[in-house]
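One chain, subunit A, appears in both complexes that follow, with subunit B as partner in the first and subunit C in the second.
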Partner chain A sequence: MKKIKEIVNKNSFATTVYPILFGVLIVVLWQTQILHKILGADTFTLPMPSRIFDIILANTDSIWTNVVATLIVAIGGLIVGSALGFMLGVLATFAPKWGAGGLTVIAAFNAIPIIAIAPIANNLTKDLSDNPEIRSMIAKMIVVTLTCMVPMSINVNRGMTELKPFSLDLMKSYAAENRTVFFKLRLPNSVPYIFTALRVSVPVCVISALVSEYFAEFIIGVGRQIRENIVLAQYATAWAYITVACAIGIILYIILLIAEGITLKGRK
Partner chain B sequence: MKVNAMLKIKKLGILFLVCAMVLSVFAGCTAKTSTEAAPTATAAATEAPAVVEGPYYSADMTAEQIVVDAASQGKVGNWGLGNEYEIQALLSKYGQDTTYLSQAFDMDGFDDDSILLASAMTYNELGLVKNSYDGGYGYGDTVSYIDMNDEGVAMLEDNIFCTKTFAEANPNTVKAFIAASMKGWAYACANPEEAAEIVYSYGSSVSSEHQAYMAGEVKKLVETDTAGNTVTVYGKMDTAAMQQTLDLAKTYIKLDDAVAADALAGFELSNIMDSTYWDAAMADGAVLGTPEKTDVTIQLKWLPQAQFMGYYVALAKGYYDEVGLNVTITPGGGDISETTAVYSGQVDFGVTWVSNLIAANAGGMDLIEVAQVFQRSGLVLVYKLND
Partner chain C sequence: MNIAAGTKLEPEIIIDDLTVVFPSNNGGDPIKALKNINLEIGQGEFISLVGPSGCGKTTLLRTIADLQNPTTGSISIRGLTPKQIRMEKKFGIVFQSPVLYDWRTVRRNVCMPMEIKGLPKKHRTARVTEMLEMVGLYKFGKQYPHELSGGMQQRVGIARALAIDPEILLMDEPFSALDEFTKEKLHEDLLNIWRQTKKTIVFVTHNIQEAVFLSDRVVVLSPHPGRVSAVIDVNIPRPRALSIKRSAEFNALVAEVRSSFEGV
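And then the complex of A and B:
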């Protein structure tokens, strides 16, 4: 608790309170329908916050089932993708000649739209399991993995190679082995870069999980519910799931910030 | 010079290695699937004989046997997104759970056996499965299907609708639009080949052969009711079929929003349809009057195809001009919500399935159906036959 308090204190008043105040302002404008007038929307396509929260409260069980399904995909893909990205980043460090080029090619993965990978991943995983729930979970995870791998590999590679001036020379003057250089210099140096990568990939993992659910064989997940409800013109319910999706993204990001604060405490 | 050449070779080598690496990632995925494919195929072959001979179904099996078998394997497919209610009604009829696999907008899942009982529209997917023209799968007579009409779970599909407010403010426009559209449908059903060509000329997502096939099948849906009787008046709202659609909708449309669910439970036919405009437009010697609004747009449920041939024919033959309307046809596709487009006033008329209109009204829209073009359900469940 103490640690968390310190972190909160460290983040200045302005960076936490102002965003919250802004959020509250939006909700107030929304509930008082001033927002509707500004946007030219009606309460049908943009229902009141109170109605949205009523729906969330009345459907906690089914929402929770969908949230769990989305979280498994998002976090599973984030872990696998980050691990793969880390390994690629390290690999590129030890083979710098083709490493830089290789990472550029991998970075091109990020340019492939999720909506293009998702159906391909579905087809690739058709024979993996007789249970559509499992094979479509794997398909969705592949999509998240691909999108999370790229930021990690590039940032880890930078963390491993952009060292403090002369630090590598110093290690060499000690006749340090490559292993020692890796564990004592490169790895600690790359930790802040890992968090930079995670700041990109945590929101991305949620978004790609939501979008990949659109195309999955097995019908489950927050993203799928958003799509179903919008097509059925159930906007209030769709907004309820959009709110839940936002909450997932924000909570994961806050967890990341706290973890970053604890890990990097006293670094700067 | 030599050093340069060496460098070039090295660079090329590096490039090659990177490509190989990327390829191996993909190859890894496909290799896995190919090694895993073999055991599943044999497993299916050894399991299947307990129920039927061969991995598929025989021609003399009843619909119940097929539905029960496919549902127990979890291999019944539908697109979802409001198209699933008839399938769920059929699954319930035979005591099965109402879950289904999400089917893509192609028939690949049916082709690769991940779906044994796949949803298909008689005029579209069924044709692609059977025929071997461009885009077809060429199964011919090796497939058969279960018809929702025969099973008593038919829900009516393509209609014409607008908002109640629009209809009340522009009654003559609505009547004129119905009269001209139905004239278009009558001509299209009398000349399906020509209608298919007209649709094709307005832009098409599919081949002209498929358009022709589609026109022939759509004609059957427009001219035959759920019981198989011939319908002579186009766009008629059959109360019994509409009531069946509403009853099934009330049972199978599941809404998380309590307000919408309550509204749905209390719906009667008057909440979703108004036949007075059609009656007035189609009466003998009907006087249509001057349209209040002359520039109108109709939003289709899907891409330009013979499913909507009546409107394209009416446009091409000038039937809309005759009644004083300047009509624009807006194609749909993907996740475009025709109910929202009409409700928000972007377009005046729309074509949707009755179940989608019911769900939208439960959500708070004020849409009314003014004509029912398809008189029977075009949805079937297609399955492969054993050799």
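And then the complex of A and C:
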């Protein structure tokens, strides 16, 4: 606990206090309806924070069900995508001839919008299961996997190859085998790069999970509830889910930062 | 040429007519880094390779270490090839930069070569302590490299190089990035370590004073192509104190090395 405190305390002013103050300011402007005047909005399309909060409290059960569905897709896709990306990054390291070109092709995946991948993923998975909930979940996970794979593969490849001068010579001078070079040099050297990738892919896994839910066959998830409620003009409920979606993204990112702080402790 | 004279000691490294040629990158003539080098290095000798940039001193060191292949000629170390010595993990190398792994503490950096060698843990722990005491960094074992000064980092590098008790210590301009005071302190430390461990040390530098102060012999290399232009015996008695740098004898030797530079 003390460790976590230390990590949070470091640079806390710039990274924690200012954003929180800014957030509080927005909420105050919002609740006092100054924000509505600035934006020319009414309290129907932009409900007050207190009302949004009331809706969240009144619907905890159904919100939780949707949060779990979104988290399974986001984190499942993040894990599978990162693992695949890691393997591709390693592969590109040991086959540099194909690796550089291969990673460029993979990077091109990132340019494909999620809304274009989602229907393809639905089509791909339509025969996988009789249960629409399961095949829908797999389709959504494929979308998240594809978006999370790219940053991991590129960063791992860099981590494996961007070594300090002479560090390979040092290994060679001890007649270290390739396996040893991988586990004692390349892999630990990649760890900060893995976190760089995760800083990109953790927020992205939440966003792509939310967006892929829009197009899924089975109606569940925080993203899908935002859409359904907007369609029904239930803006207050939609905003409740938007708030929850933000919270998911922020909490996952904080968990990542804490994990990074602990793992990279001692490094420059 | 008689410059390539042998050593008075039992020869440990015999460099026989060594030539190293690098293919040119841009289609020009290949670069002769080293041409017909003949040199014997004695067991337990402290020998320096000095010369201007491009004289091939680092290439010579790397060829001894089997990090570079000879084009023609050969190097024999105790009757074996450099590769055999490398596979037996008998080299300790200190590079221009400390090359410490920043994810490992000082202790675990020193331990690394012993892990590769597969030495038992009990032995490793004891040896790390011994090595860190020798370089005066025992108290810093749990620190991470970036928490140490440049001079301390390079001392960790020396401790790491000696951890597996190599037969030959190869040092490639190890102190060139350090300030003068740190450098002098490390010179004294290195000579103490050398006296304790009796290793053969091949030391590459472009600093003439450093070479004369440390070495039994100074080998002067000249560039384009890299070749031995002089071998100068340094018969200043040991142990050497920093004060000898003011002696006439020391300065005469420095002048002699310098003049063989200029003669190039």
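Criterion: the second predicted complex is superposed on the first by the 267 of 268 C-alpha atoms of A that agree within 3 Å, B and C clash if a C-alpha of one lies under 4 Å from a C-alpha of the other, contacts with A are read in each partner's own complex, and residues count from 1 in each chain.
Here is the rule we go by: a contact is a pair of C-beta atoms (placed from the backbone, for glycine too) under 8 Å apart; a residue touches a chain by one contact, two chains touch by 3 or more.
This is a predicted model, so every value here is computed, not measured.
Looking at the shared chain after the overlay, A:Arg179 reaches neither subunit B nor subunit C. Looking at the shared chain after the overlay, A:Phe215 reaches subunit B, while subunit C stays out of its contact range. Of the two partner chains placed around the shared chain by superposition, subunit C is the only one that A:Phe166 touches, whereas subunit B remains out of contact. In the overlay built on the shared chain, the residue A:Gln234 is in contact with subunit B alone; subunit C does not reach it.
Look at A:Asp127: by the touch rule set out above, it reaches subunit B but stays clear of subunit C. In the superposition on chain A, contact of A:Lys97 is made with subunit B only, not with subunit C.
The wider contact with subunit A, measured as residues touched, comes from B rather than the other of subunit B and subunit C.
Subunit B makes touch with subunit A in their complex at residues 10, 14-15, 17-19, 21-22, 29-30, 32-33, 36-37, 40, 43, 74, 80-82, 99-102, 104, 108-109, 112, 114, 253, 255-260, 335, 337, 339-340, 343-344, 356, 359-360, 363-365. On the side of subunit A, the complex with subunit C involves touching residues 164-167, 169-176, 180, 184-185, 188-189, 191, 266-268.
Interface residues of subunit C, counted against subunit A in their complex, comprise 65, 67, 86-89, 91, 93, 95-97, 99, 101-105, 112-113, 115-117, 144, 146, 164. By the touch criterion given at the top, residues 44-45, 51, 54-55, 58-59, 62, 97-98, 101-102, 105-106, 119, 122-128, 130-132, 142, 215-219, 227-237, 240 of subunit A touch subunit B in their complex.
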